[in-house]
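Structures given as structure tokens follow.
One chain, chain A, links the two complexes that follow: it is found with chain B in the first and with chain C in the second.
The block that comes next holds the complex of A and B.
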């Protein structure tokens, strides 16, 4: 209950802040729409030359792209703003005020900031998924939908964990922006099914930097394609990743509290 | 009643990598890092009773901020025991953090783009303050700090001093019992410094909160703290009444005499130095031990209308302490 109240207080502040910059808000929304439009257009161009890409049809690839924007939207709305704030606060020294609050620091650090207009990406992503599914005339049973949601939640947990782990590095190295750029680089590979990449990269994206679980696997589950790996692996890896990242956060924090600046 | 704050043999050392100059040295230091130990706090002990206002003094780098960070649970000490309100600060228990505050003059916690009132609501949720208590607290702080309409303006539009006032309020919304204030008046103009001081005094009187504050403005210390703790290079130099600090460290006294008529000054035997002669007013400075004798000689040898013996200004005394050539 308390947590909900805290999060809604932050959310309220975030909405106030965004609406204080209405002009920017409109510009950002427009940019979202254009970005996604260009990406869908790109797919259409590719598929005008071929009817299949590593076994994926246009509509299936669209669903995957929708999943990509959905996750990207969630990350940019709720996860990366908070975690980026940690990086800048550690540098400014104001992170101390987070540690002074009677709430677990990880909770506070990951729910503090929202960039509300990125919700547009979530909605556009959802729309693209819907269009793809309709054109596929896919039969979505409640069971399939539930599995899809489970897999998605696992994917988001994985993204969050990776992002959190990279953020935690700030307790050792004050400059970590480059690292989050590397994250974005890997994450961008998730616009396409991992099958299109050469073997070594596919392995890397499945087992080391598991982008495959974030977009390919959810898209496979809902479009009725044979999944790359056993689907229960997605939520399992999600949970393990969260636990590992939380543990790493505690280690980072204990370093911070042994010598903060 | 046990003291609110009890610190025993507190030690905090930082291990810092040596910064090597030059490219080659940098490469070498990447391979084999050299480290240096900074003894920021080096074995200090003190206690603070409920409701006391104590000034924590020391030159830059003395270890004041480090000590306050340990007391507020941000840093694990290298050694020693600390007990504040019955808690070990660095356990960072929620109940502990709800009872204290650390306000740092140079670090802000409020949302920059929003009115402070919006940040306050966030803190209200974070500390789980209920509506009635919250309203009462905001009213009290508004009155004591004269916040007026400052809470409804975006923080970025406030002046430095106004911002400090709302920062103070933000840090006090949960009515902490113990306040750690690190340079709360830094960079403010004289009037605003005074406002903040008056506030701390009033807040202490109103709520009975215990206050440990650092400042390097002597005016703050004089106005606020009857008791001071002086540290330098991580070591405790003095703990006691402000007046006692002057007694103990003032190396000399200033003797001012008003003459009845103009005469030549007697030989002072090298025991005193004439600081100024302005008309009939003569000011001399004598070592603390010589002062009685010098005063006696002046009284017997001069036609004196008035004579006063004073301690030097506090600023000078503190300087003396920090130069380390006090007794």
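The block that comes next holds the complex of A and C.
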């Protein structure tokens, strides 16, 4: 309960801060619309030469793109702002103030900052998913919707774990401002179904750096495609990844020695 | 613009200093280079999946491999980074000391551009050679096409630099120059030969891509090198590329003069 109150206070502060810069907000929203419009245009170009991409029809690929932007939006709204802050605080030694507060450090470190306007990506991603599903005339039962939500939550948990693990490296290497670029590097492969990649890359993107579970699997679930792997694995992997990342965080934290010691 | 010898010597000295500076950031530069490798591989995978054993519009898998492998090098050489290097200088008032020097600060942006690319190219080449071995492209290059390619590449890099500088200079007026830049990036993605070689774009879009400048910063040199154009298309391409280069030079000049007139450092 107390945790919820703390997080909602941070969220309120973020919204207040964002509404102070309304022109900036409008510009950013326009940017989201353009980005997603361009991505859909790219799909249209690809599908002007084929009716299916590794068995995915245009509408299904659109749903997948929607899932990509949905996750991207969640990352940029809620995950990356807070965790990037940790990197600079550890470098400057001001991470002391996080540790001194009577709140678990991991909770504080991962929920302090929200960049609210990225919610636009979440909404536009959702809209593209909806358009794709309507054009597919997909029969979405409550069961399928529930599985989809479960798989999505699993995917976001995996993303959070990877991001947290990369951030935790700061306790060893200090100068890791750009390390999360590695995440984006792999994540960008998730704009298209994982089946398009050659065998070795597909294995890498499924089992080592599980982008497949973040975009391909949820899109398969909701568009009724034959699942790549048993879908119940997604939430399971999400939970395991979270536990592992939290453990890694604790190990990293024990190495923190502030700035001048 | 008349190039005086002192200006050139100054630019050289700047570039040397910037290269020394760049070597501090090897890891970051390597990550940036990987970024430029990943995207072409994604597009290659898309087209490879469609082509399979056959072809798409006359392009086989090995042709796509050649296209996107060339793409990696061309996009690296022509990448415009001014929005990150020059834009912030204007915004944060760091431009002021450079204005006191007897040469245009645009040279600082140019020096940074060249030094960034030469250092990160060293890191990119080994990765690229590895990919050539894995992907088995068929490069249909002739001596003539290689020669024309060098010309097209140099003009593309210049054009791209001038476009990047124009967008960076918007920082004189707005703090949102980055939003405008993203529109350019989006158009290049669609029309510049990035998501697909220009020859695969649907008819009307292809004409648009031929007329607009994006292709001449990226796709055109690749098409020249791989002999994808007939004599007429080649001639038209070069004419348009040079026309856009001149237009861009004039635009940068105009925007710079207008911007510097109303420049005031932070706090003024």
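We take it that the second predicted complex is superposed on the first by the 256 of 261 C-alpha atoms of A that agree within 3 Å, B and C clash if a C-alpha of one lies under 4 Å from a C-alpha of the other, contacts with A are read in each partner's own complex, and residues count from 1 in each chain.
Assume contacts are C-beta pairs under 8 Å (C-beta built on N, C-alpha and C of every residue); 3 or more make two chains touch, one makes a residue touch a chain.
Please read all numbers here as calculations on a predicted model, not as lab measurements.
Once the two complexes are laid over each other on the shared chain, residue contacts for A:10 go to chain B alone; chain C is not touched.
Residue contacts after overlaying the shared chain place A:49 against chain C, while chain B stays out of touching range. Of the two partner chains, neither chain B nor chain C is touched by A:29. Of the two partner chains, chain B is the only one that A:257 touches; chain C does not reach it.
In the superposed pair of complexes, A:240 makes contact with neither chain B nor chain C. When the two structures are aligned on the shared chain, A:102 is found in touch with chain B, with no touch to chain C. Of the two partner chains placed by superposition, only chain B is touched by A:92; chain C is not. By the touch criterion defined above, A:119 lies against neither chain B nor chain C after alignment on the C-alpha atoms of chain A.
Across the two superposed structures, the residue set of chain A contacted by chain B and also by chain C is empty. On the chain A side of its complex with chain C, the touching residues are 24, 27-28, 30-31, 34-35, 37-38, 41-42, 45-46, 48-50, 53-54, 178, 181-182, 184-186, 188-189, 191-192, 195-198, 201. Residue ranges on chain B touching chain A, taken from their complex, read 14-15, 69, 72-76, 90, 92, 94-98, 101-102, 104, 106-109, 111, 113-114, 118-119, 121-122, 124-128, 154. Of all the residues in chain C, the ones that touch chain A in their complex are 27-28, 31-32, 34-35, 38-39, 42, 45-50, 56-57, 175-176, 179, 182-183, 186-187, 189-190, 195-196, 200-202, 205. Put simply, chain A touches chain B in their complex at residues 2, 5-6, 8-10, 12-13, 16-17, 20-21, 92-94, 96-97, 99-103, 108, 254, 257-260.
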